[in-house]
Structure formats: C-alpha cells, structure tokens
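Both complexes below contain chain A, partnered by chain B and then by chain C.
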Partner chain A sequence: MSMEQAWVLPAIPAALFVIIALFNPLIPRRGDFLAVLGMAAVVALVGVILVDFTSAFHDGHFEPVAGENAFSFNWITIGQDFFTIEFSTYVDPITMVMLVVVSFVALMVLVYSVGYMHGEARYGWYFAALSFFVASMLTLVLSGNLIMLYFAWEGVGVASFLLIGFYWERQSAAEAAKKAFITTRIGDVGLLIGIILLWRATGTFDIQQIIAAAQGGEIGETYLTVAMLFLFAGAAGKSAQFPLHVWLPDAMEGPTPVSALIHAATMVVAGVYLVARFSPVFAEVLVARDVVLYTGLITALMAATMGLVSNDIKRVLAYSTVSQLGFMFVALGVGAVTAAMFHLFTHAFFKSLLFLGSGSVIHATHEQEVEELGGLWRKMPVTAATFGIASLALAGIPIFAGFWSKDEILRALFDGGETGAFVVLLATAVLTAIYTTRLFVLTFAGEPRNRQAYDHAHESPLIMAAPLVILATLATVAGFFAIDEVGRALGFAGGIGELVYLEEPHHFSVDWALAGTATAGAVGGVIIGWIFWRGRAERAIAARDWDPALHQLLVNRYYMDNLYQGIINRAIMGLGGVIAWFDKRVVNETGVDGGAQSIGYMGLRLKFLQTGKIPNYALAMAAGVVGLALLAFSS
Partner chain B sequence: MLTLFLLLPLAGAVLALILPKEREQDAKWIALVFSGLAFAVSILVFVRFDPSVEGYQFVDRFEWIRAGDAGFSVQYALGVDGLSAPLVLLLGLLSVVSVLISFGVELRVKEYFAWLLLLETAVAGVFMSLDLIQFFVFWELELLPMYLLISIWGSGRKEYSAMKFLLYTITGSAFMLVGFLVLGLQAGTFDIAQLTANPPDDALVPLAVIFWAIMLAFLVKLPVFPVHTWLPDAHTDAPTAVSVMLAGVLLKMGGYGILRIALPILPEQAQDFRVVLAALAGFSVIYGAVITLRQQDLKRLVAYSSVSHMGYVLLGVSAMGAVGFSGAALQMFTHGTITGLLFVMVGLIYDRTHTREIGEMSGLIHRMPLIGTVMLLAGLASLGLPGMSGFVAELTTFLGTFDAHPAATIAAIFGVVLSAGYILWMVERIFHGPPTERWAHLPDATAWWERTAMGALVLFILAIGIYPALITEAVESGIAPIAAIVEAGA
Partner chain C sequence: MDVLGNELNFQYELLLPEIVLAVTAMLIVGLDAFRTELNLGRRTLPGLAILGLVIAGGLSLTWIDSDTDFARLITIDNFTTFFRLLFIATALVIIVGSWEYIERYVAHNAEFYGLLLLSTAGAIYMAAARDLLTAYLALEVLSFSLYTIVSLARNDQRSGEAALKYVLLGGVASAMLLYGLSLLYGVAGSTQYPEIAAALSAGVEDVELPLLLGLVLIVGGLGFKASAVPFHMYAPDAYEGAPLPVTAYLSATSKAAAMALFLRWFAGPLLPAIDDWQWMIAVVAVATMVLGNLVALQQRNIKRLLAYSSIGQVGFMLMAIVTISEVSASALLLHMGGYLVTNLAVFMAVIAFYNQTQKEDIVEFRGLAQTNPFLALVMTAGLFSLAGMPLLAGFLTKFILFQSVVDGGYTWLVMIALIMSTVSLYYYLQVVKQMYLYEPSGNPARWRLSPTGYLATGVLLVATVVLGIYASPLYTAADRATVALFS
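And now, the complex of A and B:
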C-alpha cells in the first residue's frame, strides 16, 4: 500500500455501505462489526500510507502524488474536448492530515456507537449511513478534481441530512435535517458557480492545474477574486460560517456520535480544507483572502458569545465548533495554512471527545439541559476526567493540544500585522475559556440539581469509555507534533510545520511573550468561569437578570434564525403565492380560458370538440392532411 | 426493426380490444407482453446503434404519396440517430413501467390498455419519423389516446383538463402544420434529412414567422412559460400511468422537435432568437420552481417541478452549440426517468392514502419504508445530486450554456436551491414527523409489479449517474451534425 493506491480507502466503507444498507437484517448484529472492522482496516492502511509518505520526504521536500502516478478514471468527456472530467486522487501533506483525522476519529466514533446506539431501532441503517459518510469524506479529501470533490461534497451533505434526521419521528429532527441541507446547498451553488468560473478560465477541473494557472497569472485578478469568493461561499456553507452558520446548532438533533464525527471533526472542516487547498490562489487575490479573515473573525466571536448562554450541553459544543472553525478561517485569512491545518488537527480530537463525553452524559441521564445536571463527576469519573481534559484543550491551557494550535493562529495574526483582528481573537479565546469552564462546572461539579437524572446516572460501558480515554490522550499530546524533535522521532523531518506547508516549511517556535499573554487570558477565563458558576446553576439564572436585553439577544442567536425564517416565509413563500396566483388567474384563466373563448377560430374548434366525439376530429384532421397534400399534388 | 417497435404496441392494442368480455383481465398480460417485447426491441436498437456511423440507422422507408410533378413526395420513413435512439429506449422503458403500475386498474380494462399501447405507438412514430408529414400524423395521433385516458380514467376535473390539453396541443400543431407545409412545398420535399441539408432560404412568409409557428407547438409541449398551464391540470387529473407517460416521454416530443426540426432546418432564425429562448428558459426555471414551493397537492408539486426542469432543456437549446444541445438531450432522458419515477411514487402513495394533500400526511416512512426510501432517492435525483443521472445533464447544460448566456445560466443554477427546498419540504412533511393513527395501517409496496417498476427506473437513474458514458456517446453522435448546422447559421 502506497500513496498511489489511496483510492482503496474510500472504497472500503463504500462497499460496506452497500452491504449493510441492503442486507443488514440478514447479518448478525446488523453488521455493526463489519463497519467497525472495515474502519479499523482503513486506519491501518492510512498508517501504512503514512510510512510511505514520511519516506517520500527528502530534505524537507515532498513531491505530491498525482496525475499519471495516481488513480485516475475518465468519467465523462463532452464535445470532443470541450470538457473532460477525470476522476483522480491527489495526495500531499494536507491530504495526509485529513486522512489521519477522518479515519481515526471515524474509528473512535464507530466503536463508541456500538455502545451508544445499542438497542436503537434502525441500528443497521445507522452503521450503513455512517459508512456512506466516511466513504464520501475520504473521497472529498483525496479528490484531485473539482467535480469529483463536488460529488463527495454533496455526498457528505446527504449523509449529514440522513443522520441529522435519524430520529425522523421528531418534528424538530426532520426540520433540522432539511434546514442543514438547504442552508449548505446555498453555499454549494456558490461552489458550483466558482468551479464553473475556474473551468472557464483554465479549461480544466484539475485542482493543481487550476492553481498553477492562477499562480502563473493566466486569470485576470478581478475574475479570480470573484471565482474565489464563490468558492469560499461553498466553504462557508459547509463549515457553518457567518451568515450561513444557522444550521449547525440545529444539527444537534442527530445522534451524539454523529455530531462528534460529522459536525465537529470532519464534514464541517471540509470548508477549511477547501480554502487551505486553494490557499496558493487566495494568496494571489488578497481581497478575497481578507473576506475569509473577517468572516472567520465575526463567526468566531459571535458563536463564542452564543455559547456563553446556551443551556443545552450539545448546543454549547455546537456554538463552540462554529467559533473554532472561525479560528481556522482567520488563520487561512492571513495565509497561515500550517496554523489552520494544525488547529483542524487538534480540534478534531478534543472536540469529538467533548461530544462523545456529552453523549456519555446524555446516555446515562437522558438529560441534556445543564440546569438539570451537576455533580456528575462522582457517578461518572472517566467521563468527567476525559471531558475535563478536552475542556482544558479547548480553553487553550498549556501543554494541552488546543494551546499549541491556537497560539499558532494568534501568532500568525500578530506577525501578519493584523493587530485589530489579533485583539478580537484573543478576546474570543478568553470567552472560549469562560464558556468551556461554565459547561464543565455546571455538568460535573457542584451538587446534582435533578435528583432523578443524577440517580439514574452511571459510568458508560467500556466500549464507550475506551474511545474517550484514547481521545483524551490525543487531546493532551497532539500539540507536541508541533515540536521538531517530536517530528524527527516519528520519522519525518520536523514538526507539523515541516509536514503541512505549501511553499516553505514552517518552523514552529514559541514566542514567550505571546504565549504568556494567551495563557494568561485562558487561565483568567477559566478562573472567571470557575468563580462565577462553581457548580451553581443559580448563577446561570442570575446571569439572565444581569442584563436581560443582552441575554435575550444571545439566547435568540442575534435573531438571525428569525430573520431567515421571516425571509423564507414572507419573501420567498410570499413571492411563490403571488406567482401561483398570477399563474392561476392571469396566465391561465384570463390568458388561456378567456382567450380560448374569445378567439372565434378557437371557438369553432371548441364547439366541434365539445361534442366529445374525438374520433370524428381525428378523422377530420387526417383527412385534412391528406387533402392538403393532394391539393399540393394537383397544383 | 423500427417498424416492429412501432407496430408491436399497436398489435397488442388490437388484441386487447378483441378479447372476450369474460377474459378482460388478460388485457393486462397482453399489454405487458407486447410492451415488454417493444422494450426488448428498443434495448436492441440502443445496444446495436453505432455512434461512429453518420446519419440515420435501422432505416425503414417506402413512398406513401408520390407527387413527382410537384417535385415532392410524402413517405413512410423510420430511422434513429443518436438523438432519437435514447428516447426510443426511454419510451420502451416507461411504457413497460406504465403498464406495470396499471395492474390495479379495474375500470374498462380492455380499452384502458388498448389506449395505453396506442399511445406508445404514436410517440414511437414521433421519435422515429424521418418525414415531416408523417411526424405530424403521429404527433396528432398521440392526442386521441391521451384525451380518452385522462377524461375516462382520470380524476377531479378530468374533462376540463383533457380538453385543455387537447386544445393547447391542437392550437400549437395547427401552426406547426402550416409551417411544415410552407417549408415542404418551398423545398419540394418533406424529408427531414433533405430539408436539413438544403433548407429553403426564402418562402411565402418570412422564415422567422415559420420558425415561431413551429416553435409554438414544441414550446407548448415542452412546456415553458407562458404556455405551460395545461400541464399541471393534465398531470393532476390523469391516472398515474398517464402522468408517467406524459412527464416521461410526451414532454420530450417538444424538446425533440426543437432539436430535430426547428433548429437544423431554420438555423439562422434560431440564432436570431437565441436570447429570447434563453430568457424564456431561465425565467421558466425560476418561475416553475417558485410556484412548486407553494403547492399543497403532491401531484401538482411534481407537475410544476417539471415546468422548472424542462426549462433546463430550453436553456441547453438556447446555447446554440453542441454541448448545450447534449445537455438538453441528456436532460430529456434523465428527466424522463426521474420524474417518471416521482409520478410512480406519487401514484403508489395515492393508491394507499387516497389523498394527495401534503398537509394530511405525516410519518409515512414508518409504514412504507421502501416507498419512502425510493421517493427520497427520486427526490435527491430530481434536485440534481451528483451520482444520479440528473446531475450529469444539469452540469453539461450549465457548462455548455454559461458562455452564451451567463445570466440565464446563473438563474438556472439558483433553481437548484429552490428544488432542494421543495423536494426536502415535501419529504419532511410526508415521510418524516410523527406517525399518525390515521396512516397506521398502510401497506408498503409489496406487489411484484410495483417493485419491478420502481427498480427498473432506479437502476437507470443510478447507472447513468455513475457512468454517464453509457448514454453520452450516443447522444453526442446525434447532436454533432445538428450542432454543426446550427453553428454555421450564426
């Protein structure tokens, strides 16, 4: 197995999807073990490919595997060579990071699901749908071609739709699934238009050729800016960035392991991946890159403030995900691809861990309102400890994974001279520490507030606890990959900066002043959160009275969902109503029915036809045709 | 072989009609056997069709009316090229599907199946005719069974809808006939190939007028705004099988006529009005989609979505180039399978619930997992999901049209968001949500004929979506000569 054969990776879950979806009633345990074993095989193969990958590094340089050397398949050619779509795989360091993240988190989630979903109706379907998702996601990150990427892009969207709507009996779940699909589709249309624009300019869908053409100045700057903005619209939809972020909190209607995999670690970072993939092009059009920066910044801050007030454990994590994705886009917005990918990497571990931990809580208590929880650490020590580690990572406390990557982003902003953005993001990091602490404290510390939920609680079984422990380990150590010595010990030239780069290797080093400031902010946030809540929900309630107007604004998510609903109800459905009325009254009744009656020639036919003797008519028509022909014949 | 395809359903129709009253039910089997044989012939035609050979293949021809003195003749001539071969296959497929889902019909069984089979013969004649007059005769012949099928076996305001359908088509075809006669008499031939090779450069009336006279009939059939209002009525009130045929193949007669007759014979006029056509197309896509969002009746919803989706066909046409035409031809085929399947599913649901009001249904997937799954699949195909046939057609159309008409193309691309809206809204309301007591006893699709009909269409949708070369080669070989003529007319 080498990088050339990477196409095998998505093929495994794709085959399992077909098998489990069609035959799960005939397979023991509805085929869950097939999905898990298949995923384990994928992880093992990624490991083998990783070895091949590190050996391909020479003096810090790496030759991507693409084109003739890789898998390729001519899917369609139209109009001689008007357009050709060649499905092909492409493996470079960015792909490698994504492969590791996707396959590993997927395996953890699948194992965990065996325990979490035990006894659910449609158990087999669940594993089939997850396999479909993983196949699409792996295809997405391996795509060397934009249309192939679009295939996978829509594939993960459908998987997300199916899994958010897994509990389709619940009206809210059905609506959330629909909302997610339609909101992301608005972005997808942008992506498609972007793809078409890039194809028009370059005549190809091949990603590397497009990048080369853009770098070679073959595309006009304004045109390229517009194309990249359309592309970014797709990324913003998938990665839930302002103003298309509204679907992700609702997507929490899906089963919790799904939220961990799809809506925290993998699918929602597809947008980050896409922009990272095109970062050499974004570097050519700085206006578009600034849009990425400020979109990310607004999203990061806004989502963090919403996370401060939500009482639903999963929704807090969802806002947090939106916010952290904003961090990644901010990094991309200053061209710090390494920092963005590094944060994507660490975030995948600690955020999926947070979700799985919250799933453990929900599984044990059947409760997800934090006001009804509290004191759970006594009953669920493993969950509490691992959740705590992930919280520290998210808050950005030193040595934990999130600290390293968040620091890289802040540093890139600082070095890039974006002082204003730096300050805003630093403040957001403090807010992050506060809401994370609040969530942990209200869930695990203090006294239980709902006796029934508390008494019901128990530690999760091993099959769920084991993934928590493994992910907690990674949430602790994943940041160390930044250090050159660690990288060398693992077999490649240096740290992650050596691994994930596009033009020049990025050398990681600690700027003590900056790291100290960030750490002070994070620790300060944790202390504020701890002092304020200390496990007491009364404080959370009191917060409402502190500034009711502000609280309402945040609880109602800045009224953006209401605004969109208003637009859909009033503008679109209203317009639909007007047009439907117009179609019925004006076009049909006045124009058609009225017209039919008023035109004498039509009236004649109408009268004739109203006898209902259609055969007469057909005969007459045929006779007429022959007659006309004969007439012509005789002349 | 083509004559066989033409006559097999007709023979079945005659046989069904002469059945004795007490063996009425056998009409179903006669229809299945004859439409099945015709389907087999259509597969054979498609498989043995050679895309590398120029011109029409499998030609059957003899002279019908000789008019040597006037310098023209009317002939019986059948043939297929890469444009019509896929449509013949589509017709064979959908005819079998229509017969299968009619197995539950109990009213005047003999006549029902006879008319259904006659409909197949008529449409087959349209797709295979190489002569304008012959084309026109079959075009008109299709009206008779359609009128009867809707007005006798339909529901709701069936007489009104049948009459409306009839009047619309006749009005269009009256103009078309005039156009054909002027063209034919001027050129001295009604042979489509000869007319295409030597189109008249002048006539009694301006050629632009003739172009629009002919186009009117085709645009009504397609249909596009503002001549579309017969479609929702006809669909809503027609029996399921007729809706399948109507959406699946009858609408394609319009697109086929444009590509086969209007454009190659009058290329300069087509070029002159390309912007008008593009505007009509883009407008129809959005207009149809926005109205679809408001529909409360399941069948009307699918019907209006057809107005929107057939707008893509006209959009591809308006590009006046090979790729746009290929997109249009692909869209015709894929829309036939996808919307055909949607109407099959609507029919299956209606058979069980006896209502089409979306608001009355909820949580149906609990009772009908198979129907729900297939409906979702059809819906996803309809909203242009990659991996299914609709995406191939839409992508080709968009790429082929973008340079010629960027604004109309972008409008059409945004139609994709609206289709996601109405499809998912429909799925959510009907299949998802809490299951209700009222629908607690619905059976899923268990009959073999129901499952076969669904399975066949799903197979086509997925096969083309995953490997479009199955059909694109044929389509392109048919489009190339047409595009060459039209492009030369610029």
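And now, the complex of A and C:
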C-alpha cells in the first residue's frame, strides 16, 4: 500500500455504507461490528501509507518520486478542450495529518458508539450514516482536484444533516439539521463561485496546478483576491466562523458521538484544511489572508464569551469548538500553516474526548444542564479523570497537548508582528481556561445539585471508557510531536514543523517568555474558574444578576440568530411574499381556497375571470413585450 | 421542385416516427369508439400508446448521424434525433407512471392518449423544423393538444378554468409570435432558416427597427411556451388545474420543446443578430430565475411549488441561450436531460402519492417516510437533485451548464443563478421536512405502489443517480446533436 493507492481508504467505508444501509436488518447486531472493523482496517492502512510517506522524505523535505503520491483517471470529459473532471487523489503532509486524525478519531467514536447508541431505534442506520460520513471525509482530504473536493464537501454536509437530525422526532433536532444544512450551503455557494473563478483563470480544477499558476503570477491579484475570498466563504461556512457560526451550537441536537466526530474533530476542520491547502495562494494575496486572520480572531473571542454563560454541557463545548477553530484560522491568517495544522491535530483528540466525556455524563444522568449536575467525580471517576485531562489540554496547561499547539499560534502571531491580534488571542486563551474550568467544576466537582440525576449516575461500560482512556493518553502526549527528537524517534524527519510548513521547515524551540506568559494566563484562568465556581455554584449562577444586560447579550449569542431569523422571515420571505402578492393580483387564488368551490360560485368566478383575470395576464405579457421593446429601442 | 427550381427531397420515410405516432393516436381514438363492442381491457389503450411510442422511438434510431431534410421543411439531423428520443421517452415514462391515475381521474382516456401522442409529434417538429411556418404549425399542434388535455381532469372545476386561461393566453402568445415571425420574414425575405441566416449576416442596417420588434415578439411568444417571466402567469394556474400527468407533461415536453426551438432559432437563423437579442434573453433569464425561485417559497400546493420551481429552472436554461455556443448548447441539452429525468421522478412520485391519498398539498406529505419510505426516497432524491446537490443529476448537469455560461463571459449571471439555487434548497427542504420529520396525519399503515409505479419511479431514481455520477454518454449524445445545430 503506497500513497498512490490511498483511494482505497474511502472505498472501504463507502462499501460499508451501502451494505449496512441496505441490509442491516439481516446482519447480526445490525452491522455495527462491520463498521468498526472496517474503520480499524482503514486505520491500519493509514499506518501502512504512513510508512511509505516517511520514506518520501529526503534531507528533511517531502520529495516523492514524481507522481508517486498522486493518482488520477479521467472521469468526465466535456467537449474536446472545454474541461475534464478527474477522479484524482493527492497525498502530502497536510493530507497525512488529516488522514491520521480522521481515521483514528472515527475509530474511537465508532467503538464508543457501540455502547452509547445501544438499544436506539435506527441503530443500523446510525452506523451506515457514520460510514457515509467517513467515506466523504476521507475523499475530501484526499481530493486532488476541486470538483471531487466539492462533491465530498457536500457529502459531509449531507451526512452532518442526516446525523444532526438523527432524533428527528424532536422538532428542535429537525430544525437544527435544516439550519446547519442551509447555513453551510450559503458558504458552499461561495466555495463553488471560488472554484468557478479559479477554473476560469487557469482552465483546470487540479489543486496543485492552480497553486502553481497562482504562484507563477498567472492570475491578476485583484481577481485572485476575490476568488480566495469566495473560497474562504466556503471554509467559514463549514468551519462555523463568524458570521456563519450560528449553526454549530444548534448542531448539538445530534447524538453526542456524532458531535465528537463531525462537529469537533473532523468535518468542521474541513474549512481549516481547505485554507491550509491553499496557503501558498493566500500568501500571494495578503488582503485575503488578513480577512482570514480577523475573521478567526473575532470568532475566537466571541465564541469564548458565549461559552462562559451557556448552561448546556454540549453547547459550551460547541462554543469552544467554534472558538478553537478561530484560533486555527488566526494561525492561517499569518501564514503559520504549521501551527494551524498542529492545533487541528491536538484539538481533534482533546475535543473529541471532551465530547465523548460529556456523552458519558449524558448517558449516565440523562441530563445535560450543568446547573443540574455536580459532584459526578465520585460516581464516574474514569470519565471525570479523562474529562479533566482534556480540560487541561484545552485550557493550555503545560505538558498537555493544547498547550503546545496554542503556544505555536501565539508565537506565530508575535513573530508575525501582529501584536494587537496577539493580545486579543491571549485574552481569549485566558477566557478559554476560565470557561473550561467552569464546565469541569460545575459538572464533576462540588455537591450534586440534582439528586435524582446523581443517584441515577454510574460509570460508563468498558466499550465507552476504553476510547476515553486512549484519547486521554493522546490528549496528554500529542503535543510532544512538536519536538524534533520525538518526531525522529517515531520515524519522521522531525517534529510537526519539519512535516507541515509553507516555505521552510520550522524547527522547534521554546520562547520562554512567551510560553511563560501563556502559561501564567492559562493557570490564572483555571484558578479564577476554580475559586469562583468551586462549591459555590449557586452564587456563581446568581452572577448573571451582576450585569443582566451583558448576560442576556451573551446568552442570546449577540442576537445574531435572531437577526438571521428576522432577515429570513422579513426580508426573504417578505420579498417572496411581495412578488407572490403581485402574482396574486393577476393570478387568481385557486390554490388557496380550493375547498370553497360550488357550481354557483364557480360560475361567478368564471364570469369574474373572463372580465378580470385573463386581460390582466395578457396585459402583463404585453407589458413584458413593451418593456423589452422600450429597452431595445433605447439602446 | 421549389420556386428556385431545385429538386426537393420527398423521402416520406424520414417522417415515419411521427406518422407512426399520428396513426397510433387515431387508432386509439377509433378503437375507443367501439370500446364495448370490442370488449377492450383497461390496459389496451395505454398499451397501444406505449407500443406506438416504442416503435416510433426504434425508428428514430435509424437516422442517427443522418443529415438531410424533408422538402426543406423538416431537418433530420442529430439534433432532431436527440429530441425525438427525448420526447418519446418522456411520453413513455408519463404513460407507464400514470396510466392508473389517468384511468381514475382523467375524463376521455382515449382522447387523452391520442392527444398526448399528437402533441409529442408536434414537439418533435418544433425541434426539427427548418422553416418558420413549419415551426409555427408544429407549435400550434403541441399547443392545441395541450389546451384540450389540460381540461380533462375529472371532478375538478379548476381544470376547465385552467384550460380556458391557457387557451386564451396561448392565443395571445401565438399572435405575438406570428407577428414577430412576419416581421422577421419581412426583414429576411424568406421563411427558410439558412436563407434568414444569410440575409441577417449580409447586414440589416436599414431594417433594424422591424428586426428588433420582431425579435422582441419572438422572445415573448416563445417565452410563453417556456413559461419565462413575465410571460409565465398562466403556468401556475394551468399546472394546478391540469390532471397531474398533464402537469408533468407541461413541465417536461412543453418546456423542452420551447427550449429546442430557442436553440434552433438562436443558434441558427438568428445567430447573426446576436447583439440585438443577447441582452434581451439575459434580462428574461434573470427575471425568470429570481421570480420563479422567490415565489416558490410561498407555495403550499405541490403542483404550484413545482410550477414555480420549473419556472426557476427555465431561467437557468435560458442562460445557455445568452452565451450560445457549441459548448453551452451541449451543456443545455445535457442539463435538459438531467432536468427531465429529475422532474419526472418527482412528478411520478407525486402521482403515485395522489393515487393513494388524493391529496396534493405539501403538508399532506407529512410522514411519507413512514408510510412509504421508497416513495419518500424518490421524492427526496428528486428534490435534492433539482436543488443541485452533488451525486445527483441536478448538480453535475447544472454545474456543466453554469461552467459553459462562465466560459461565455457571463459570470454575473451565474452568480445570480447560484444564489437562486441556494434559495431553492429552502423550499425543496420544506417538502423533505414534511416527509421525514412529522408523523403521518392519517392512517400510519404502510402502503405499496403499483408495479408500474415502482417501475417508473425506480428507473427515474436510478437515472437521477447515474446522471449525477456519470454523465459522459449523455453529454456525448448532446454534443453530437449540437454539432448539427451549428453546421
């Protein structure tokens, strides 16, 4: 198995999707073991490809023998020289990071799901839909051209829609699924426009050729900036960045393992992946890159503040995900691909762990309001310990994974001379530590506030606990991959900086002043959180009365959801309504009052129709012709 | 011999497919007169219609790659063959998918089948004509058949009203078109396409005004057939009042025939005057896609929803006329194929649903995923395909269409189209939501389709998916058809 054959990876879950979706009633256990075993095979194959991948490094540079990391065949040819759509895959370090993250987290989530989803109706469908998601996601990261990428991009969107709406009997789940689908589709239109613009300028959909053309100065700068901004709109939709972030918190209506896989570790980082993939092009158009930087910055800060006040354990994690994705875009906005991909890598582990941990809590207590929880560490020690580790990682406490990658981002900002952005992001990091501690303390520490939920609680079974422990290990050690020696010991050329970089490899070093500041901030945040919420949750809950206006602003998510709903209700539906009203003036209302038809009424109507409606229609047609004629003669 | 003394080609076998259709139509009507005497079974008439269509389709295949004409009135080239097959297949699908509906809810079955076949012949000649008057007559053959079958819904007063509106406004549109054609004749001095093209390329400075007026009227008249804004207003009423299979037929064959005529005229005789009409079509295209999609948001009846959605789709198709070229014409044919398959899939599902429930409001689709998961799947795939979701016909064919328009230099048109197709997702999702997210309002028991219902919807579902993944063969066919168009 070499990099060239990587196309096999998505084929496995795709085949399993078909088998499980069609035949799950006939297969023992509804085919869950097939999905898990298939995913294990994918992980193993990724391991094999990883070996081939490391052998393509020469003198610390990724230099595969020409064509050895790519695969393609013509899929559809349109006209002789119009355009060709290819099926092509391309493996490079960025792809490799994604493959490892996606396959591994997917395996953990599938194993966990066997326990979590036990006894659910549509159990088989759940595993089929997850397999479909994994197939799409693997295709997305392997795509060598933009058309295939777009197909996969929509594929993960559909999978996300299906899985958010998994409990479709709940109205809120159905609404959330629709909201997610439509919001991301708005971004997708941007992506599609970007793809078409790039194709128009270069005549190809091949990503590497487009990058080469852009670097070679074949595309005008303004044109390229516009195209990249459209591309980024797609990325922002998928990765829930301001102002398209509104769908992700609602997406928590889906089953919790789905949130861990799709809405924390994999699908939502597709936007980060896309921008990272095009980072050489973004380096050519700095205006577009600044847009990425400030979008990420606004999102990171805004989402962190919303995470401070939410009472739903999963929603806090969702805000946190939005915020952390903002961190990654900030890194990309200063061209620090290494830092962005590294944070993507570590974040995948600790954030999916946090979600799976919260799933464990929900599974045990059937409660997800933190105000109703508390003291669970006594009942659920494994969950509490692993959740604690993940929280430390998220808060950026040294040794744990998040510390290393967050530090890389802060440092990239500092070195890039973006002092203002650096200060804001550092403050956001402190907020992160605070809301993370709050979440942990309210859930696991102190005294139980809801006796019934507490008494009901129990530690999760092994099949759910094992993935937690494995992910907790990774959430602890994944950050060490920054260190060159660790990378070399694992068989790579060096640490992450030697693998994924924009222009030159990036050697690991520690800037003590910066690391010290960041650590002080994180520890400070944890201490504040701990002191404030430890054992005095009631008083902390009363904190909302300190500044009710601010609290309301945050709880209502800066009123952005209301704003959008207002726009949809008033502007779009309103515009449709005005036009429909105009149509109704001349179109009679048969459809609406279909029930009120009697023969007499009908006759009356026909008379009316003959005197009123038909001439109106004809008048409209005549007006159309006259309008066109006037335009014709005035030009 | 024509007026110039040239030999005319009177090979009647070139017209054989349409002769077969016409003869079958008469046979059906004639046989029905002796219905009781001959003791005809309930499947005889649809069976006969299917037989006629299959024979006509088979005969059409013999003229693949031919390039000849009948008496300079009808061209038999790949473009004609493409549309022959497309229209015959559409009629076939409609009969297979809805003969039970027709039996139950359509008055005068024999006339229905007869007129359906005759109108198919008319639609084919719209695509095949090489003379303005032939084209006009073909259009009227199609229209008059449609006026009648729109009125055939049994026990539905909306039907007669719809037919009345349709026929009166159709008359207005025909008058416009005919006047436009007369002006064109006055300018070019001929009704034959090649001569018109020659006359227009030779220069028309002194007759600019009549030409422009003629073009405006032609766009208006054809726009009516294609239900382009602002000539669309009859469409939602006619769609709603007509029996469902006729609605499907209106949205498929009638529209495709208008687009075929658009292509024949604007890529042929009118191409030299492109500067005069390009922007006209662009304006109509924008108005059509914007109004169609926005008003669709407000609809509560599935037929009206599909009427407005198909108006929106026509807006997309007209973009390819704006940037007319071999590539965009091929893309348009490909997209039309994808649209017909998808749209028919949705309609056949709606018909099967109506057969079971006699309901046609969108809210009545609630819980369909529980009572008939297969039908819900067909509807969902069809609606998602109309909205342009990847892996389904609607995305790939629409994408190639948009690409060709961008290639023609009209990126701004494509931007509007992309935004409108996002809007369309909203109203298509409303239907999907009813099917999947709510409990059935009536009896929650599962029900099954008839075997032919399964056949029609199943084939269309497969075609929707296959076209979305592998469109090359259809594109190749479209490409060969348009080569004939521009030669």
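One rule holds in what follows: the second predicted complex is superposed on the first by the 576 of 635 C-alpha atoms of A that agree within 3 Å, B and C clash if a C-alpha of one lies under 4 Å from a C-alpha of the other, contacts with A are read in each partner's own complex, and residues count from 1 in each chain.
Please note the rule applied: a residue touches a chain if its C-beta (ideal position, glycine included) is under 8 Å from a C-beta of that chain, and two chains touch if they have at least 3 such contacts.
Quick caveat: nothing in here was measured; it's all calculated off a predicted structure.
*Asks:* Does chain B (first) or chain C (second) touch A:Asp484, or do both, or does neither?
*Replies:* In the superposition, A:Asp484 touches no partner, neither chain B nor chain C.
*Asks:* Based on the superposed arrangement, let me know which partner A:Ala174 touches: chain B (first), chain C (second), both, or neither?
*Replies:* It touches chain B and chain C both.
*Asks:* Go through the superposed model and pick first if A:Asp290 touches only chain B, second if only chain C, both, or neither.
*Replies:* Neither chain B nor chain C is touched by A:Asp290.
*Asks:* I'd like to check the shared interface: which positions of chain A are touched by both chain B and chain C across the two complexes?
*Replies:* 75-79, 82-83, 147, 150-151, 154-155, 158, 165, 168, 171, 174, 178, 181-182, 185-186, 189, 192-193, 196, 199-200, 572-573, 575-577, 579-580, 583, 587-588, 591-592, 602, 605-606, 609, 614, 618, 621-622, 625, 628-629, 632-633, 635
*Asks:* If you look only at chain B, which of its residues touch chain A in the complex?
*Replies:* Residue positions touching the partner: 65, 67, 69-70, 72, 74, 133, 136-137, 140-141, 143-144, 147-148, 163-164, 166-168, 170-171, 177, 181, 185, 225-226, 229-230, 287, 290-291, 293-295, 321-323, 326, 363, 365-366, 380, 385-387, 392, 395-396, 398-400, 402-403, 410, 413-414, 416-417, 420-421, 424-425, 427-428, 431-435, 467-469, 472, 476.
*Asks:* Give every residue of chain C touching chain A within the complex, in rising order.
*Replies:* Listed in rising order, the residues of chain C that touch chain A are 157-158, 161, 164-165, 168-169, 172-173, 176, 209, 212-213, 215-217, 219-220, 223-224, 229-231, 233-234, 236-237, 240-241, 276, 279-280, 283-284, 291, 294-301, 304, 326-327, 330-331, 389-391, 395-396, 399-400, 402-404, 406-407, 411, 414-415, 418-419, 421-423, 425-426, 429, 433, 436-437, 470-472, 475, 479.
*Asks:* Where on chain A is chain C touching in the complex?
*Replies:* The contact residues of chain A facing chain C are 75-79, 82-83, 147, 150-151, 154-155, 158, 165, 168, 171, 174, 178, 181-182, 185-186, 189, 192-193, 196-197, 199-200, 572-573, 575-577, 579-580, 583, 586-588, 590-592, 594, 597, 599, 602, 605-606, 609, 613-614, 617-618, 620-625, 627-629, 631-633, 635.
*Asks:* Which positions of chain A touch chain B when the two form their complex?
*Replies:* Those in contact with chain B are residues 75-79, 82-83, 147, 150-151, 154-155, 158, 161, 165, 168-171, 173-175, 177-178, 181-182, 185-186, 189, 192-193, 196, 199-200, 572-573, 575-577, 579-580, 583, 587-588, 591-592, 596, 602, 605-606, 609-610, 614-615, 618, 621-622, 625-626, 628-630, 632-633, 635.
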